[in-house]
Structures are given as C-alpha cells and as structure tokens.
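Encoded as structure tokens, the structure appears first; notes follow it.
Chain lettering (A, B and C) follows the sequence in which the chains are written, and residue indices restart at 1 in each chain.
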Amino acid sequence: MFSGLLEDIRLYKHLIGIQIRAQAQYKVDLALGILTMLLFTCLEFMAVLLFFTQFPRLGDWSVGDVALLAAIMALGAGIAEVIGAGVDTFDKTIRLGEFDRLLLRPVGAFMQVLGSDFRLRRLGRFIEGVIVFVVALRFLPGLHWTLAKVIILPIGIVSGAFVFIAILLLGATLCFWTVETTELTNLLYDGGREMLNYPIIIYNDALKRVFLFVVPLAFGSYVPTCYILGRPLPFGLPAELAFVAPLVALAFALVSGFVWNFGVKHYQSTGS
Amino acid sequence: MLRFYLEVARTAFRRQLIYRWANIAGLVTNIFFGIIFSYLIIALYRARPSVSGYNVQDTLRYTWLVQAMLMVVMPFSWQDLMLTIRSGEVVSDLSKPFYLYWYWFSRECGRSLYYFIFRAIPVYLAGMLLFGLGLPGEWRFWLAYSLALPLGAMLGIAYRFLSNVMAFWVIEARAVISLSEVTALFFAGSYVPLPLLPSWLRAITDWLPFRGFLSLPAEALLGKLNGIALWLGIGRQLLWLVVLTGIVLLLTDSATRRVVSQGG
Amino acid sequence: MSLIIRVEGLNKTFRVARRRKGLLGGLRSVVDPEVRVVHAVQDLSLNVERGEMIGLVGPNGAGKSTTIKMLTGILMPTSGEVQVAGLVPIRQRRELASRIGVVFGQRTQLWWDLPLIDSLLLLRHLYRVPETRHRDNLARLRSLLDLDEFIDTPVRQLSLGQRMRGDLAAALLHDPELLYLDEPTIGLDVVAKARIREFLLSINAQLGTTILLTTHDMDDVETLCPRMLIIDHGRKLYDGTVANIRERFGGERTLIAVLDPVELDLLPRDAHGLPILADLPTGVRLAQADGPRLWLSFGRDTMPAHELVSWLGARYRLRDVTFQEPEIEDIIRRIYEEGLLLQEVRG
C-alpha cells in the first residue's frame, strides 16, 4: 500500500508542477488575484482590531492573543485553500460528467481530484496569516518562545490544513448524491473557519466539544495558540494535547477518506 | 410606462418565489453568521457594559438587523447586469423602449421586497428566538425605519448598478464588483457595527453613502437617533440617492451612446 | 487464453426515484420515494478475442454506454460475470485501467488550457510509462497521426479533428491491449473520418490492439468492423457480420444497368417519361431512370442476381452493370423501428 502512496505523491507533484508553470505565465493576473484576496482577508482582520479599540478584552483574551489565534488559523486555512481547490470545486467535476474519466485512469480518484487544481491565486490568505502573525508578535512583547512552542507552530498549522481539506472532502462526497448542497458545504467550511477565528471559550460547551472532538478544527488553531500563550484548555485538558494534533487530524482525515470511498462506491453502483 | 415597471417588479418578485431551497440555504447562512457574531459580541461586552450608548442588547439587535437586511440591500456578489453586458444581451435591452436603469431598478425592487418578507423577517425572528432580542417598542422608531429602509434599499440598488455598469469600460469587472461590495459592506456596518467604531472613523462613515445602506435603518429602528440626528441621516440618504442615481443615469447614457455608435 | 473480454449474463438495473415537485413534495420524496425500475442491460453475453475489431450499434438509450461502463470498471453490474484481460473490472479497476484506452468522441481527456504536448507528457506519469517506451510511443504516434503541426497548441484551440487525433494519441501512449472508442468520428468531415479509420485499421493490424467501437455511423462499421453487435432495450439483438444483417433484413437490392443509348431510344415511354421494360420478372421493378441508366429493384428472394443480368443481357444491349446494396442505415433503422430482432428474441 505504501509504494502506491509514494507513486501517488510523485504523480501529485507532477500534476501541480504543470499547473504552477501555467499559472506563473500570467504574472499580472496572478498578482492581482493574490492581492485582492490579501486585501479582503486583511480587511476582515482589521474589523477584529477595530473591535479592540472599544473593548479591552474578548473574554479574557487580549488583542495580541486574538491576533495570534487569527494568524495560526489563517496560515492553516490558507494552505488548505491553495492545495484543496480541486476538492472545493468537485461539484463542477461531477456536473460536467468528468469523474468517469478519473475512474478510467490507473490512479486513485482522490489524488487526481486533489491534483486537478492548485490555485496560487489563493495564496492571499496565507500571506495575510504571515502579516497578522507579525502584528501579533508586536502586541505580545512579553511572549517567551521556547523550542517546544516553536515546534508546535508548524505542527498545529499543518494539522489545521489537513482538517480543512478533510472537511472539503466531506463536502465533495455529498456531490455524489446531489450537487444541490454546495451552499451547505460552503457554509460549514466558511462558518467553521470564521468561528475558530475567535477563542472557543466564547461559545457554549456543546460547540466547544464539537470543535475539539467531532470536527477537530480547534487543534489547528485554538489548541496550539493556547499552548504558546500558556493558557489552559477547556474541560481541564492538558496543554500538551497540542502535540497530539497530527494524530487527531489524521484520524479525522481517515474518517473523511472512508466516507469518500463509500461515495465513490455509490457512484459506481448508480452511475452518474 | 409606470405600469410596465410595476409589472417588471411584480415578475421579479414572483420569480424569486421559485428559488425556495436557495433561499433557505441563504437563510441558514445568515442565521449561522448571526450566531457567531452574537457570541463574539456577548463576550466582548463582558469587559465593558456600554459603548457609545449601545449596551449588549442594542448591539445584538443591531447585528441581527444588519444580517437580516443584507439581502434586501446588498445581495452578495450581484453581477446580473455585468453578465448581460459580457454576453451582449444588454445591447438588445438598450434598444427597447424603456430606460435601462429604471428597468433594473424595478426588478431589484421586486426582489428586495421578496427578501424583506422571506429573508429579513425570518432571520430576525431566529435571532429573537435564539438570543431573546425582542423588538423595539415605540412607533416613532418604526416610522423612522419605514422611511430609512426603503431609502437604503434604493441606495443599494443604485450602488450595485454602478459597480456593474463599469463592465462597459473595464475588463476586470468582477474584481471591481467584489471590491466595491466589500467596501460597501464594511462601511455599512456589516463587519463592525458603525456605532462601535472610534469617533474619528465614525466622522468619515457618517458622510459616506454606505451608512445609509444598512446602519442608518438599524440605528433608527433601535431608537438611537434623536430628532436632529435622524433627519440628518435621512437627509444624507436622500442626498446620496440623488447623487448616485444621477451618476448612474449619466453613465448609462454614455454607455448607450457607445453601444449604439459601435453597434454592440 | 486469447479471449480478452468475457461477459456472461450481464445485468444492470437502475432504480430511479421520481422527484416530486414543491417543498412538501421534496420532503416526501426522501421519506417515501416513488421508484421506477429501469433495465438498462439485460442478460448480455459476449466473447471477444484478442485483436478483434467490433462495432457496437444501437439507438440512443439502448444500453451501449452502460455496457461499456461496466466493462471499464466505472459502473457496478447488478448481476452477471465480466472479465476483461483476465481481470474483474469493478474490483480491479486501477489495474485494468493501465491496460485499456478509452476515447470519448464528445469529451476530451486532454487538459484544456495546456498545449497538447503537455497533456501527452503528463499522461506518462499518470500511466507510469517508462521514459524510453513513452518516448518511442510518442514519436510513433506523432508521425502516424501527424500531430507535429499542432502539438504545441493549447487543446482548446484545436479543431475537432485535431483534438480527436490528440485524444487517440493520449489513449494509446501506454500501449493498451484494448481500446474503447465512443463515437470517435462524430462531427468530423469526410477526410478526417477516413484518416481516423485508416489509423485504427493500422494499429489493429500492426499492434493487435483489440478495438471496440460505439457508433451511429454505419460507414465506420462497414469499413472497420468485421463483427457488429446490435443492442436495443438493453439486450444484445445481433452478433455477426454486416453482410449477414444485410442479407436477412436487406429487403431489396438494386441493379444498375447502363443501356446502349441506341437501345434506350427504341424503348417505349410511359406517361411519366420512364422507359418501359416489357415482361419484367415478378418482383423486379424499375425504380428510377436517368438517361441510359436504369435502376432496377428486386427482392433478394425473387431471383439470384446473375439470373437477372442474364435476363437483361438476353433482351437488351448493356453497356455496364453494377449492384447497389441497401443502405445499412435504412436496415438498422427498420430493425429499431419495427423491433425486428426484438420480436425474434422475445418470440
């Protein structure tokens, strides 16, 4: 099974390599696309900052705390949005009847879907994440970085990206039954991202549990942020839980993959 | 001619009735984001009970009102006119015996009415159920609202038309539309309630046209505007409506002449 | 074993739920769906040897695409056995995929915005073809299909004929044993069609590639396929040669006789100006006349062709004699419309 996985990854690299070269040819277009998205995402963050001109704290989080959370969230989501564009637009693939062609190739369908669209234009959000991170550091002069904290950053961000892509995959799987639900998936994705932009302590217990144990988006944003800030986690969970993020993300991704396979089987028994 | 425009509005209203599921999906989205903002606001207000005369209840009501009115005034990503320009359909529209702008104006009025009944009311009701918002009491507030909201809707129509009509001259019309939309939404109070902005920023937003889109009607209904402030606000709405409509009519004329001379 | 396709008792049944209108209807459809059963493929059996070229013919909705989908592993059969190249398609989809090639006439597998060559290079990685073999195949296909003039053009700018050639190259880069073609000549002009047919014949001859071709174009079938399958209402109605079908359902043949002009002038004419041939044998009629050319229609069962020629030659001076077979399209259409073979199957 692993040699197949390695092959698939190498194929993925080729698929996106060609797309990157093609997109890089239209430099102005690309730059404009990135800048527009950067502008919009920065505007969203500015809204948060403006709140803090009137309110000193959110719960007991300071502006720096919230900025750090927003940065880590944006970095993870940014990666997912660049990589997962093919999954995001899967409804179009189904609608155009192009999924059959994917099944006619000696490669896993998911890898082809993932590799079908690598959108450099969507780098805007990732760049915003970097900017907000720098801003956050300025608001947190007293933050003391240990090696563990530095390590938790990429761990959390990559785990977050995985969970986001898994969510997109669940949404794409719905398309096997009906293409009418794309609004629902957009809502779950955008809504989830928006909700996790703020510390989950502002929500009720049920929602906290959902984002920790059901759809573990918190492990890509809130949990690593708490670790870095030295804040306690809800429900008395240990701060070191942040290091388990990759496992949690993997578990969720496996569930998502399982559902996807089920969807493909359904497609194969009922036709398009 | 008026009968024609009325019929256009009625048809647009009726056509929206068909898209039931799309409306429900949008409804759920509005409610969802209303919920997120509500939690945010409740948490923020724990640190400070009142800002610019708005307590937590006021701000919650404001937020839900704005969410409710979004589709009435600024439906997301409205590109209908731009698409007819791109496809060339607009050329045949321009050769018909009606004013292009008033045609679209009537259409959008019909849709706005639909969204008021089937989106604004349910969304605010949901907010009432979930967060115990209640309704403002005094009839004067409702009167002010009944003036400010239609003006806001009309401002929204003019503004959207303006951003779309740019497609006659600009290739990257989609970017223009997105940008204009985000700007409008920001300065209309959809990202941050305008009353909560620092005073120097409020001075700017007071004079921009966008406040009249969403924020002013909400502020009026909440009774936060005394006599003078209210009339000043409504006056500014009217002023901007005249200005925007004037610009739109000028541009449409210019576009019409261009199309006629170039033959599409 | 030289059988590349072995199908036995293949069935595919679809359960189609009828969507009710309105909001309440939509909800009711989820709870209590009205289901309509569609038998897309019924009891289909088929054996194909390596190197064969087969035409798959049938009206729209007959079950041809459904059958192909089950053969390629895209669709799961309801019952029956399918084996292609020794593999079970639905279970060994990926393994089978590297041994077959599929070309859709109306949908391309090439990347729309990229130059053709990029697609062909990308497919090497997709099909894991070793570099040298890919290089050789690409060179060969480039010359066979004349791709060089447009190999650097983005696919969306290609003409239909060029795109089809590109798709053929794409499907053959990995040396598939079996090639499926779905309406490959649709929309092409006469020259392009001839070219494609020539190409298919040559790869079948040179490489022994088995070819299964779905088409509405009878010329495709007659030029390429020694064996033809007719499918209608999900059943295999006919599995044999084109000539055989023509014989069984051909109805009338036509003999075109060119008379000596002197003879022609001597013939009496009827009210319409058509020459009258005295004492024509029963079952033979003059269908058309154009100058010295006479078209005589006669039923197959009426008399053997050579007898009619003798009969004519004995009475008139003939310049030339040719035969015209009935259009296979007309025959097929009759078969569909009158359900001729269906009656046979059912009866």
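We adopt the following convention: a contact is a pair of C-beta atoms (placed from the backbone, for glycine too) under 8 Å apart; a residue touches a chain by one contact, two chains touch by 3 or more.
Predicted model only: the values in this text are computed from it and were never measured.
K.L.:
So using the touch definition from the top, which pair is joined by more C-beta contacts, A-B or A-C?
P.N.:
Result: the pair with more contacts is A-B.
K.L.:
Which one chain sits nearest the middle, judging by mean Cα positions?
P.N.:
A
K.L.:
Would you kindly tell me how far, in whole Å, the mean C-alpha position of chain C lies from that of chain B?
P.N.:
58
K.L.:
Using Cα averages as centroids, what's the distance between chain A and chain B in whole Å?
P.N.:
About 31 Å separates the centre of chain A from that of chain B.
K.L.:
Where the centres are mean C-alpha positions, what is the separation of chain A from chain C, in Å?
P.N.:
49
K.L.:
Residues of chain B that contact two or more other chains, please.
P.N.:
21
K.L.:
Please give the residue numbers of chain B that touch chain A in the complex, ascending.
P.N.:
Checking each residue of chain B against chain A gives 21-22, 25-26, 28-29, 32-33, 36, 39-40, 42-48, 51-52, 172, 175, 178-179, 182, 186, 191-192, 196-198, 201.
K.L.:
Which bits of chain A are touching chain B when the two form their complex?
P.N.:
32, 36, 39-40, 43-44, 47, 50-51, 53-59, 180, 183-184, 187, 191, 194-195, 198, 201-203
K.L.:
Which stretch or stretches of chain C touch chain A in the complex?
P.N.:
Contact set of chain C toward chain A: 14, 66, 69, 72-76, 90, 93-95, 97-98, 100, 102, 104, 107, 109, 111, 113-114, 118, 122, 125-128.
K.L.:
With touch defined as at the start, can you tell me which chain A residues reach chain C in the complex?
P.N.:
Against chain C, the touching part of chain A is residues 7, 10-11, 14-15, 18, 22, 97-98, 100-101, 103-108, 265, 268-271.
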